[in-house]
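Below are structures written as structure tokens.
In the two complexes that follow, chain A is the common piece, with chain B as its partner first and chain C second.
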Partner chain A sequence: MLERVDAYPNQWISGFGVRAGRPLPFGATIVPGGINFSVYSNNATAMTLVLFRRGESRPMAEIPFPPAFRIGGVFAMTVFGLDAETIEYGYRAHGPYDPADGHYFDPGRILADPYAKLIGGRERWGAPRDSMVYRSGVACDDFDWESDRQLNLPAEDLVIYELHVRGFTKDPSAGVAAPGTFAGLVEKIPYLRELGVNCVELMPVFEFDECEGARSDPATGRPLHNYWGYNPIGFFAPKASYATTGRHGMQIDEFKSLVKHLHLAGIEVVLDVVFNHTGEGNERGPTISFRGLDNQTYYMLTPEGYYYNFSGTGNTLNCNHPVVRGFILDCLRYWVTEFHVDGFRFDLAAILGRAPDGSLLSNPPLLESLAHDPVLRDCKLIAEAWDAAGLYQVGAFPDYCRWSEWNGRYRDAIRRFIKGDLGMVGEMATRMAGSADMYLRRGPAASVNFVTAHDGFTLRDLVSYNDKHNENNGEGNNDGDNGNNSWNCGHEGPTDDPEVTALRDRQVRNALLLLLTSHGIPMLVAGDEMGRTQQGNNNAYCHDSPISWIDWTLLDKNADLFRFVRCAIAFRRSHCALRRRRHVADSSPEGLFPALSWHGVHAWMPDWASHSRLLAAMFYGDDGGRHDCVYVAANTYWEGQTLELPTLPDGLAWHLFADTAAPPPQDVHQPGREPLLTDQARVHVGPRSVIVLVTHPVPTKS
Partner chain B sequence: MSFNAKMHVADGAATLRLVGELDRRSAPRLNELIIEAASRQVKRLVLLMDELKYMSSAGLRCLVFAHQKMPRGVQIVLIGTRPEVAETIKLTGFDRSITMEDSVEAP
Partner chain C sequence: MQLAKYMQGDVTVIALDGRLDSGTATRVQQDLEALVPEGAPVLLDLSRVSYMSSAGLRVLLLVYRQANDSGARIALAAVPRDAYEIMAATGFLDFFTVSDSVADGVTALSA
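And then the complex of A and B:
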């Protein structure tokens, strides 16, 4: 075999053999004999590669890129004889320092590579920052995936479970060997299987700076963290302190192992990704990478050179700039090809539709590229279709018939409906039917339905507090949303009053049952299935403490609730009538019944009046020759009501799946083993309660 | 930073004693031995691990390499792996294609 000449150096700089590198791919790549470094900057005049011995904060060598190693705005160099495992690197970018013109070049700083696959220096969560913490590392990309690939579950079949990698197993009650890490989450996969969810949405796992905040808890004096992690530093790098093996630089392998194990359990992995801003903050924030490499390219700047702040965090990534667009696309492709992830949820995605000057684009090139990218074709793309500057695009997000959305209107409607607000029956019906008013073209799976998300009250707190209680966040309770549509059921916060607690238990079940019988993709937040509380804090982003962590002892304390949720998920998964790919018009006849029909005190007679507090829906589908018929009635009035049931043909009978007014264990029944209703003509739905009925064939006498 | 590996083939089993630190520099040496074991058509590949102090990311990849090089059905057994090394193997999911045993089984 002919040996390639490019496997050998043709120049020596600073004691290292080098030659002109390949501009693509960007980042550091292991090549025969060495490592290829490629970094771009439209405005830098020169660039220096800085090499470290792994773990050391002082450089071992600096290699300026010779002018001949530059092509356009790309600096590319192959350095020979480097051991990828024992070195780390960074860059010094030379150029003008002129903030008014958008330039922050400072060769005195060593910058992280935007394409770094590993970030060294942050292996220990919450460790104090040293002078040069973000060293870039070179990754080995071989892994034994066996036959793993993306699961490709139909979107309408998903039940999403949103969780925080650290908080899920950090509390000692989790009882895992590797608390707060990817490996710890692997230990909890049997739990996820038992619960029945088939998709986990991981809050940010890209390397971020948890120590960016300067605040401390006024009650305890302890420093607060950016625990949620919506301030990325390394978009290609799994967070080192989320891996038990991060101290060995093996966070990539540990994360891949997590994905592989989740896939083996039939669970998809969706990553919550933050492309609207970086962890560099505003003019006063730290310079870690982007600002120093090419500020004018990476950030949206005012004509005076200040940062636009559509994200509410100090800066806004210039995501429709062609270079940044390419960066985002490269990043997502990397997570799909290297980590086999199944989809992405885009934080403050409305920003991704803004032009470099912040104006709204009607056909945003970034969103279009993502929608049609061949590598991303089978990924779920979910937009949080609003931003922190007031742009609200739920139902109007540039979707290319491809994007789904967090349906904020579903959240608002279900919260108001269950607390008994008037005038909500019609809107709740629309939301339950997959929000055809917004998503008719895309289908119900464009609607990710939810009652709660990481941002806001937990489900337990939603029925326990009228107002947010964020004093521990150190901002005088001024942070966090004021519009929660919550109701404390008669007492603010914890209480022993049995009437109040019984009503709260019921309201929690009402919300979960409606969510899990609605068309669209239901999303649950980890812990809501066991009654997790944040003591009324609706913005716990800064608490790396039991406020945010899952308390697994709740699973015993609230075993009835867990059983209820598990059964409701199993029920959804066994009824195709609840998981529609297309919207069903309420009049379209389909076999025995219309695919969706509305009812009231009298069958077939819904009450859409503004004073109505009763909603009854009948979902019908033909499941391979078997009638699949589900009747859901929600009464938000403070007294019970008796409802006439739709008459069934001979051979079918109504059975009771769930009744939130009944004390456990009668509140829910195992799907497939629901007891027969004694009275087939009518059913009683209790005060502020939801019932769910299902048909089964009458056993033939033989 | 030293590494030493010796192989002994008998009764259809290749036994390798690994001593020192297995990293990117020493991994090629182990891979050579694995190729040799594969060519001798053994039924079992045994790695004696009790004197291996450290295994880096590249070292772990030797396990995958062994799994892919050895014919299907060949059992790969790691014996006496030190807890620190064993933990890394498990947490990164490299234990799926191998068997880990505490000590040499009595014959």
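And then the complex of A and C:
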């Protein structure tokens, strides 16, 4: 191949051959003969590139960008003769220091590149910060993907499994060779396949500072961490300590390998991304990158120059500023094109609809851009449609017919319904039917349904505690949500009382069964399928310990529960009537029965009264000429009830898939091998129980 | 980084000795290109590789691709523990037949 004529320096600075660089793409890019560095700041007056040999604390060179290397607000320079593998870099930004005016320039600081694809100095989880922290690194982007592509699974077919990369395999009981890492997660793919989920949602994997915060666990005195990682530092950089190869700077390869292996297993990858704030905190927080490069551009500031705090973490990213919007779009495109990621879940996404002064935009340009971007077109976009400043947009998020939402109203309704609150039957029916009151235009897949998420009680704790128990978080139990809609089933916390534990087991199954038969996308939290507990802590963000890690011995202890969940997922995946693309209210009738009908003690007669505690639904679909009929009855009353069943036409019969009142293994049956119901006219639903029936053709007598 | 080539039956064995990193990768790649025969089985003996970086691993993958293109089978023998772990974690290992020793590798390639 012919060499490029610009592959040679045309001047020398600080002993390095350089030439004017290319402004695009931003960041550090390997080019013939050298590395192209491009960084922008609309308010900096000058910029210096600082180069380090990896592992050395003092710079090997400082190269000021000559004025001629600047185009608009972009500083771009190609430096020749650098070995991408052994150097790290940063910037010194020159300009005014005037916080009241929003400027924090300080050329005494070396800043990380916002576009850094590798971040050095945090390769070991929890290591104290030293002078070499937050160095930017230059990445090799070649990887042998073979034929891998995004899976593009239909959204309505997804079963999402939310997990924390470190916590999933950190506990020794995980039995993996590389605990707490991307590679460790690869080792657990056979487990995910057995469970049957087809999408993992990874809690933040961008480089973040787990050592932020100065609290200690009052019980043990051990320092607490920001374990969850909702405080990004490097938006383009996979977290180094989440890679067993991070010490070799190969976290990019390791993360790509994870995505490739998950795709081979038929599992999509959704990243939980945090674009509402950064890990730099407020005026008293550390200056790592954005604040020092262009504070006024990157952050929402009050007229006095203070940080707006819609995120509850000290600062708010100025996400609808045209420059920041471009930054976010570049970042998402990078993860989709370079890492083959299938979608994103946006933390506190309501903030993404706010203007630079914090006011709510009716047509937020960022959200519109993401909805219509050609690279992101087939990506799943999921909003956590609220923020920490009281904005709650569930059902009203600016969606452009493109966005899905974490349906917080589903979570609240199902929790209240299963614990027997009165007046919930009607709302539970609406939520089970895909929340058409909110998502009719977008379809049921706009609703990500869940009972629990990382934030809050685990499912086991939801049925074991009335109140949160966050004493270990070091804030006197004042942190975490007080409105949990939880019920301890008669005893707060652990107990040997067989009646209480039996009821808890049933309530867990009730919740899972309703979740997995509802229209919309079900989301499970890792560990709930094996009865994970956080001992009542509903805000375990700060615990890098067995409180947060998955205890894999639970899989043996609660093998019945795991089997139940596995069967319920398989059941959902084999019944198209449960996975509709359009709401039933928005569909034409198709055959034997309405697509969704409601029932009660008598068939076809639901009881919507406020004192009712019974809900029975019959889902129907025509699965390529096969009648797909699923009957779900939930009784939240403390006594059993006998229900009349809808009469089936000749040739079809009711079979029992699940009955949460029955002791294991009778609580659930293998999908496709459900036993025939002896009495085809009526069925008994036990106290606080859910049953699921399914039709099969009556075998013809030969 | 020193390279030595010898034959074990029909198998061409190439022994690498030294550091395989960005400083040596380009030259090693060129040398390997010259040493790897077209269409015949090749075993890379890594027992004396003291360090392998990201660039070094990429050299191995490139050699694999080139051998594949020419219809040759390629295997690795005696991968140092650290390099083995990196290759496993990054998926690079999926591409190769790996043997504990040169003798085992020759047997595997001769089968």
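To be clear about the criterion, the second predicted complex is superposed on the first by the 694 of 702 C-alpha atoms of A that agree within 3 Å, B and C clash if a C-alpha of one lies under 4 Å from a C-alpha of the other, contacts with A are read in each partner's own complex, and residues count from 1 in each chain.
Definition applied: contacts are C-beta pairs under 8 Å (C-beta built on N, C-alpha and C of every residue); 3 or more make two chains touch, one makes a residue touch a chain.
Fair warning: this is a prediction, and the values are worked out from it, not measured in the lab.
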**Request:** Following the overlay on chain A, give me a clash-or-fit verdict for chain B and chain C.
**Result:** clash
**Partner chain(s) touched by A:140 [first = chain B, second = chain C, both, neither]** = both
**Asked** What is the contact status of A:178 with respect to chain B (first) and chain C (second): first, second, both, or neither?
**Response** both
**Item:** First (chain B), second (chain C), both or neither touched by A:245
**Value:** both
**Request:** Kindly classify A:253 by the partners it touches after superposition: chain B alone (first), chain C alone (second), both, or neither?
**Result:** both
**Prompt:** Just chain B (first), just chain C (second), both, or neither: which does A:263 touch?
**Reply:** neither
**Prompt:** When the two structures are overlaid on chain A, which partner does A:83 contact: first (chain B), second (chain C), both, or neither?
**Reply:** both
**Request:** Determine where on chain A the residues touched by chain B overlap those touched by chain C, and list them.
**Result:** 83-86, 140, 142, 144, 178, 181, 183, 243-245, 248-250, 253-254, 256-257, 260-261
**Request:** Show which residues of chain C lie in contact with chain A when the two form their complex.
**Result:** 21-23, 53-55, 57-58, 61, 65, 85-86, 88-92, 95
**Complete:** In their shared complex, chain B is touched by residues of chain A numbered 83-86, 140, 142-144, 146, 178, 181, 183, 243-245, 248-250, 253-254, 256-257, 260-261
**Prompt:** Where on chain A is chain C touching in the complex?
**Reply:** 83-86, 140, 142, 144, 177-178, 181-183, 186, 243-245, 248-250, 253-254, 256-257, 260-261
**Message:** Please output the residues of chain B touching chain A within their complex, sorted ascending.
**Reply:** 23-25, 56-58, 60-61, 64, 67-68, 87-88, 90-94, 96-97
